[in-house]
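Common to both upcoming complexes is chain A, partnered first by chain B, then by chain C.
Right, the complex of A and B next:
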């Protein structure tokens, strides 16, 4: 439930952050190059610096509240940390590093397992933070407009715009029905919870489908011809910004190449 | 089943992108043909998409760099066909990456392959098979949706095991698969039961549109559209 609400919050920050007026093309270019760099980088050094870069950009340039950023980050970080511990413990097989006592069982931890765990953790961290940079500074409609300029098929753009709209329609209806059920003690036990949940999902589908049809009728009445037109007055990307980003990317790529053979243990 | 941003290492995410792209492009072709023929199907398409979004946002964490949740793409495959379901899943997965930071942009290809391609195609194959075998509609829907959901998770386990093979692919597959199985088997059954109700409603309420789209057999379609009128 809370996840759907979270998407509305992220969407709001995308429109209101301090960088929302700068060119979406520049932001997309920066975010994608950072993302690719952290995924391609073989050692943890470059992803760590990418994590720091996008965090600084988000907190001090885009003025995203620190608490909100941390709220977004802690959940994936915990999951990835646990996963990487599992990887470190179970997935090595070359040189042994140390032996630990697991509930009376002797378990050998291998060096390459630990390296793999660490690298994966920081790769995810760098990639996540550059993804958050894009998500929190660039509204969905701008991204869709860029896709339209990139000649993505019309039917895909149109369906995306409609789905984008319905996600928020869904979450509003869902919220209302959830409160109504909760007030009638619909979530007071495990079995009731299950029953209320399936009622909620079923009715949600019915309600939104009806609403969708009414919207479609209304659009047709206003001369809908299969094109949803949006005002395109987006700021143009500045050439210096693009050049600076390219330079930064190349520098990081060289750093990634130089630090290729660094091992944690 | 959304594999987290950055979790898949270098050659793997590109490979899954390339495989998924072929099928999604075919799906886009089918989608544009469908909307030209039946413009009134558009709200149904959009609602299906948003529905997949909401269903797969109800997630349980799983310690595999991924998570467990209903997928919703099985029902979409039964109603709209697997190729179109794969396009809808692509859009939904992109939105989930961008609006929820759930899944990722580089892992998009792998996630499309498991949730948008394997799941819908397995579901659709079972749906057609059970229609041929004259199994009752509700049992067919249940089988299709529940197994579409499960096969999605099996695929995710395969993808994770290929990327992190450890000592052997098989061991790693069993590790990832058994972690998922705990949460996913009850969820798949739940999603299957839910889909029976939803499909029943759709057949009653949208019977005419669905049978003209050749989704449900004429027998079910004509009877239920009479009910609706």
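Right, the complex of A and C next:
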């Protein structure tokens, strides 16, 4: 269950990194502007600079270990790289660049296809790194509280508060049950695996119902009346930081416009 | 009387009679322990004290008024009677420690500044202030229990009810919780009512002991009185504290002239041993009184 561990680790960094105390609004604003710019930029130059910016912010300001960052980037990079090679081969129609023989067929690779593949690769990379910046520096709690300020419906806010808390409770329960089944050879063979898995899911479902009941009782005991009241206790965004981010964003947008017609080959 | 239960019975919807005609009084400022095996009805009884459960028959009085179960009266009751659940995962639902502690005071409608102050203070009292911004899943069980306690203390209750406050804790966390509870009782005059089956812990904590078995109140009195009656303790599938047991054996098997009220704690045992050895010089007396 490495995916559970990986997300738990991301969560841990979100609370322990060197930027965790800075204003979540600022970080969210930065991450979203970089994301938008990255996916909308017509040239690869801007996404590359976004990728570098986020990486520097993460490694030298938030002090996220380089190894962990690379581990996060590794799988998406492989997938995106493969996709972009395919784009480079199949998209494009102006100016043939070269021809390759593949599966007994002749494929013409066009110059604009290569540019498109290259640009797409860095767009995705820029978008990914800006979002990693957000999730690795900003605790989930803060994000939920910002959504609350942004007037997202209360039902969504309250359920995400509870879901966030109990995901960790239940992933622990699930792991324990999984180990208990495994120790009694519940996963030795395809059919047994299927049966154990379905029992685990069914059991987990019942456990969540029971937990819900108990949590509700405990909340009632502390005066719950149907509204989850949350303490607003967040660092305020600094105006300078917000202005700096706005300027940076505008500069990048201009750069994107100026380098619109750049060609790789 | 702080609490008075009159012929209290509770029958769950599956037909289990969890409490059977229990009548008792809890006095203000007292340190009370409910002792009984698993399934003896301790938790069910506690759940009646702040209106989580309604009696099937009988009555619950708080400060000589019968409990009312409309939401306003319940809110009023729960402000005064705090409840700490056995499994802190049931209670800690908020994404950070401080958010969780603030939940109760916010529900009481206190202004934000005051809530922050009260929450910080409660976290300091239980020694968890440095974890305020952490999510509960970073904490150990002992720490979670303390945060759960802080969440209730932040509502500034007069009565604190705890269900198995030391279950599953390591020795150190157990003694930390116990000392914390004793301090709360002494400094803030909070009445403590706790359910447990940890017989070694009871004499360290309780002034008044109630023994439940199969939903019935079997006996009540001071721990010294009740544990002196070994027959009674065994008949409800409990045992005496280890120390009392040792002295019981020394008396029965080795015919040592031991006081029939067996010592229950280390300090009592020390006194009794010194007495048996005829070891009572001035220095020893002084040292004992200093502790």
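We take it that the second predicted complex is superposed on the first by the 255 of 265 C-alpha atoms of A that agree within 3 Å, B and C clash if a C-alpha of one lies under 4 Å from a C-alpha of the other, contacts with A are read in each partner's own complex, and residues count from 1 in each chain.
The working rule: contacts are C-beta pairs under 8 Å (C-beta built on N, C-alpha and C of every residue); 3 or more make two chains touch, one makes a residue touch a chain.
Since this is a predicted model, take the numbers as computed values, not measurements.
Look at A:198: by the touch rule set out above, it reaches chain B but stays clear of chain C. After overlaying the two complexes on the shared chain, residue contacts for A:15 are found with chain C alone; chain B is out of touch. Put simply, more of the residues of chain A are touched by B, taking chain B and chain C as the two choices.
Contacts of A:231 after superposition on the shared chain: chain C is touched, whereas chain B is not.
Judged by the touch definition given at the top, the superposed model places A:223 against chain C, while chain B stays out of reach. After overlaying the two complexes on the shared chain, residue contacts for A:140 are found with chain B and with chain C alike. When both complexes are overlaid on chain A, the residue A:116 reaches chain B alone and has no touch with chain C. After overlaying the two complexes on the shared chain, residue contacts for A:169 are found with chain B and with chain C alike. By the touch criterion defined above, A:215 reaches both chain B and chain C. Within the superposed three-chain model, A:38 lies in touch with chain B and out of touch with chain C [touch as defined at top]. Touching of chain A by both chain B and chain C, each in its own complex, is seen for residues 11, 140, 162, 164-166, 169, 215. Residues of chain B that touch chain A in their complex: 4-10, 13, 28, 31-32, 35, 39-40, 42-47, 49-51, 53-55, 57-59, 61-65, 67, 87-88, 91-92, 94-95, 97-102, 104-106, 164, 166-167, 172, 175, 190, 193-194, 197-198, 201, 205-206.
Residue ranges of chain C in contact with chain A, taken from their complex: 50, 52, 71, 74-75, 78-79, 82-83, 85, 87, 89-96, 98-99, 102-104, 106-108, 112, 115-116, 119, 133-138, 151-152, 155.
Residues 11-12, 15, 139-141, 144, 161-162, 164-166, 168-169, 172, 211, 214-215, 217-225, 228-233 of chain A are the ones touching chain C in the complex. Within the complex formed with chain B, the chain A residues making contact are 1, 3-4, 6-7, 10-11, 32, 35-36, 38-40, 42, 47, 72, 75-76, 79-80, 82-83, 86-87, 90-93, 113, 116, 120, 123-128, 131-132, 134-135, 140, 143, 153-156, 158-160, 162-167, 169-171, 174, 194, 198, 201-202, 204-206, 208-209, 212-213, 215-216, 226.
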